[in-house]
Structure formats: structure tokens, C-alpha cells
Amino acid sequence: MLTRNAPKLTYEGALVVMNAAAAKAAEMKLPICIAIVDDGGHLLAFARINDAKPSSVRVSITKAVSAATRRAATGPLPNPENVSVLLSLGMPLASDGNLTCVRGGLPIMWDGVVVGGVGISAGTQEQDEEVARAGIAALQQP
Amino acid sequence: MLTRNAPKLTYEGALVVMNAAAAKAAEMKLPICIAIVDDGGHLLAFARINDAKPSSVRVSITKAVSAATRRAATGPLPNPENVSVLLSLGMPLASDGNLTCVRGGLPIMWDGVVVGGVGISAGTQEQDEEVARAGIAALQQP
Amino acid sequence: MLTRNAPKLTYEGALVVMNAAAAKAAEMKLPICIAIVDDGGHLLAFARINDAKPSSVRVSITKAVSAATRRAATGPLPNPENVSVLLSLGMPLASDGNLTCVRGGLPIMWDGVVVGGVGISAGTQEQDEEVARAGIAALQQP
Amino acid sequence: MLTRNAPKLTYEGALVVMNAAAAKAAEMKLPICIAIVDDGGHLLAFARINDAKPSSVRVSITKAVSAATRRAATGPLPNPENVSVLLSLGMPLASDGNLTCVRGGLPIMWDGVVVGGVGISAGTQEQDEEVARAGIAALQQP
């Protein structure tokens, strides 16, 4: 099989995620960055809500890229030898900074396939992830 | 005078530029990337209209950063010794890729001050600049 | 439309391109690097045939990434004002080195869609492109 | 002695390692990236088996480069003062990301000399190292 068919996230799909995340952030009164990338980690849509920090731009994009290309939520990595810190920080260092152990990045799924990622920065990690989940939820609605 | 007041582009202002640029691009049937940054060159808003190439993401952001932080439209640089090519390519090399000689980036002005930049990619350089101008025009309207 | 379906190049498909390119290179007695990436510019397969230069590794990958993400063959860019050198070198500088004006990179098409790229280095630019074409041709056969 | 002779890994040798690693990965049903580099850390052969994550490309290459150029398996570094974490993360930071403390990279030996490295990503660290060992074993057979 030389090629296979897969769903691709469109700009319209990305906007659904972004608008829902932005609404959640407004409700939580969080000044944040919202980044949406496709399955290859390439930016589709971005918003820096008023007064969000310049430093959050890169962090939110990295979270989205990490979630999309690693096909998993960002966050600390488990490690059987209980030296999680080495793996959690070693992976970002081994990936030229494209993976992150900071929470707030979630993969965007469609038909059981990762079609992109959303990354939020910078409230607390819990707040960021909550905003990301709100974005994802909007896309999943039937 | 220890500080001075300056206008700062808000996310709402960035959206005005972006929406006008997107409308112009739709009218011209161009699949493009639109990047809006603040006066420090930090991303405020971004859109990759369906089927715009992944390679245009970085180029459009570079154009916006270059226009905003150099306070001037992107494009070939004039040079008194008529070796424009050296300056036009030397500046990107001297700025770690943050300045560009490729047209399609324009500074966003407010009250005579540069408050940000808009970068468009990838139609022709002329098309990109036309889309950027349409975005800017929307902000200047009274 | 929140997502759209698109063909994705598989590892098997990438191998078809790589093996045909390698056969062509052997026939031309060229020690080269062959890089195959997917539509997001992520490496799928790579070969450095004996005695190909270490410096060709990065160049061949850049060519493949450029062809895949810019959806076009690599090479000098045309420019209405006849300052092609500025655009041809300005684009690589504006893309953090991900685009190149050096020939030898071709997009891989399937059903009229770019599903990846192949990059060859380092014979002459003409030799590189000939090897890349041989790789592409193998995939297109019915 | 102005020069000395040393064995150099060939593309054919790299393929022996890669094919054996790929066979092991298939047996373990792992979608992974396999990277083989020479003694200078330059890529010789690479394969991303279907559905391996894009993020694994860079990680597998980093593991191979680290193992080859540091002449040792990748993994946590021992430290006399028992602050292993500082050394294990300090080395990647001091090497521009070319060394890693994440397991799954092994040096390729020949006649007692390191001739290259193999890096695997992304199963667990244990799975990655097992696949790498299978690749190495194929080369060592008489």
C-alpha cells in the first residue's frame, strides 16, 4: 500500500477549536495564547488574547506541536525506574525543543486519528489544559 | 522622562487587520498565511487559509516580524554603493533570519507609531503586499 | 467542513521512490544521499550511498522538505523585477533554512495531491534532479 | 604516525543493522523510527515504519548521534556527587542537543572501534534499546 487515506484538519476545523478555547479562557478571565497545528505540527491558527505574555507565544506553539506530532497530551513522562525527570526533560532536549513536558497541549482527534494539536499558555498548567479541553470538546460535538 | 506612553496593538486590532486581509485574499482566490505581530515582533494572530502551503507559515511570520521590528515594509534594501544584494541578504544573515528582503510584510501604524506588523505568504510578492495593504487599510479607517 | 480526506505517503511508498532513485544513482555511479519526507516534511526514509559526503545529509533533507512543504520543485525562483537572486536566497533565509533554491528536490504527487518530497545530494544539480525524477517515476507507474 | 587506519561503517553495513532492527520491531509490533549514523554522527540510513510518530524522527537521530559521537550507549549518566540529573541534563544542554540521556541509542562497534550509532524511537526506553541491540547483533555475527 503506497499511500493511505487520512483526515486532515481544515482551517475551519481549527477555528472551531480556537473559538471554543477562547470562550473558555474569557470565562476564566485568562489572558492566554492559543495555538492550533495540523498533524505535521504546522500552524493553522493562533490567537494571543490581550495582555498575554510574549513568552507564551513559543510555549503554546511548542505544546501544540508536541501534542500533534507525539500523538499524546503534553506532560511529565512516566518512567519505570522512577527517574521521570530525566525522561521528561530528556525528550525536549533530544527533539530540538519540539517536545515538552509542560501540560497544556492536547492532540486533536478525528475518527480515531490525530489530525492536529492545540497548545495553551500561560495560565497554570491545569488552567491551560482545561482551556485546551474546551477547545477539543467543541470539535467532537456531533 | 523615565517612561513614555505609546499605543499598543490589541488582539481586537490585530483581528481587524487579519479579517480584512483574509477577505482580500478570498476575493483574489489566494490560499495564504496571514501573520500579525505586535511592536516587539511577537505573534498576536495567525491564520492559514485552507490549502496554503506549510512552508508559508514561517515565511509569513518572518515578514511580519521584519516589518514590525525594522519599522519598515519588507523588500530589497537600497544601498549607496549599489550592492543592494549584499545588504538585502546580509541583513537577514545578521539578524538570525528575523529580517527579510522578500516583499509582503508591512508595518502597522497608529498615530504615527509602528504598533505591529503584518506578513503574507505565499502568492507572488505583489499579491502578498496587496493583501497586506488591504489588512492595514481596515485599521486606518476612521 | 472540519476535516478533509487526503492520501498519506506510507513507508512502503517511500521505499519505492528511494529504491528507484538508488538504482538510478548506481547506474550513474553517483555517491549520493536520498531523503524522502511526508507532506509535513517529516523524514520517512533516508540512504547515504557509500562515500557520499557528510555535508550532503542536511542538504538532501532540506531539498525534500522544501519540495514537500512548498509543493514545488526546488530551484531558483522567478522574479518580475529580475532580481531573482534576492527571492531565491531571501526565501531560505525567511524560512529558517527550510526552503532552498538549489535544484534536486521534487514533490511526490498522488491523485493530484502532494504527499511528500524527495531530495537528492550531491551530484550536480542536474544529476540530483535526474535521480529524483527516477524515484518519482517509479511511484507513478500504474 | 600522521594518520591511522580505522574501519568505517558502509551503507551496506548500516542496512544490516537497520534490517535486523526493523525485523525485531515488526516482531514486537512497534511502529518506530530507526536511525543509523557513522562515527562522525552523520546519517547513513533511516526508516520510519508506518504510523511511527513524526516526533520520533528527531529523537531517534539524536540517540544515534549521541551514541556514536560519545562512543557509549545513551542513558542517564553516573556522577560521583550523586547529582546524576545535573550531568544527565547538563550534557544535552552543553552539546546543543546532540547528546541525550534517554535510552535507545547504542554505538556500533567493529574490531573494538566505534564505527557508528543506532538510535530507536519511540517505544518504551527498554523496547527501544532491545530493538537497537537486535540491530547491532546482526552486524557482529561472523
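Chains here go by letter, A, B, C and D, matching the order in which they are written, and residues are numbered from 1 within each.
Quick note on the criterion: a residue touches a chain if its C-beta (ideal position, glycine included) is under 8 Å from a C-beta of that chain, and two chains touch if they have at least 3 such contacts.
Just so you know, these numbers come straight off a predicted model, no measurement behind them.
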When A-B and A-D are ranked by contacting C-beta pairs, first comes A-D
Once the Cα atoms of subunit B and subunit C are superposed, what angle does the rotation have, between 0 and 180 degrees and to the nearest 5?
-> 95
Using mean C-alpha positions as chain centres, tell me how far subunit A is from subunit D in Å, no decimals.
-> 29
Using the average of all C-alpha atoms in each chain as its centre, how far is it in Å between subunit A and subunit B?
-> 26
Multi-chain contact residues (two or more partners), subunit C = 10, 12, 38-42, 69
Using the contact definition from the top, classify how the chains connect: line, ring, star, complete or other.
-> other
All pairs of touching chains, please: list them by chain label.
-> A-B, A-C, A-D, B-C, C-D
Quick one: which bits of subunit A touch subunit C in the complex? Just the residue numbers, please.
-> 1-10, 12-13, 16, 38-42, 69, 110-111, 115, 139
Residue numbers on subunit A that touch subunit D, as the complex places them = 39-41, 66, 69-71, 79-80, 83, 85-87, 89-91, 93-99
Can you name the residues of subunit B that touch subunit C in the complex?
-> 53-55, 58-59, 62-63, 76, 85, 88-89, 92-93, 97, 100-102, 122, 124-126
Contacts from subunit A onto subunit B in the complex sit at residues 10-12, 33, 38, 40, 42-50, 54, 57
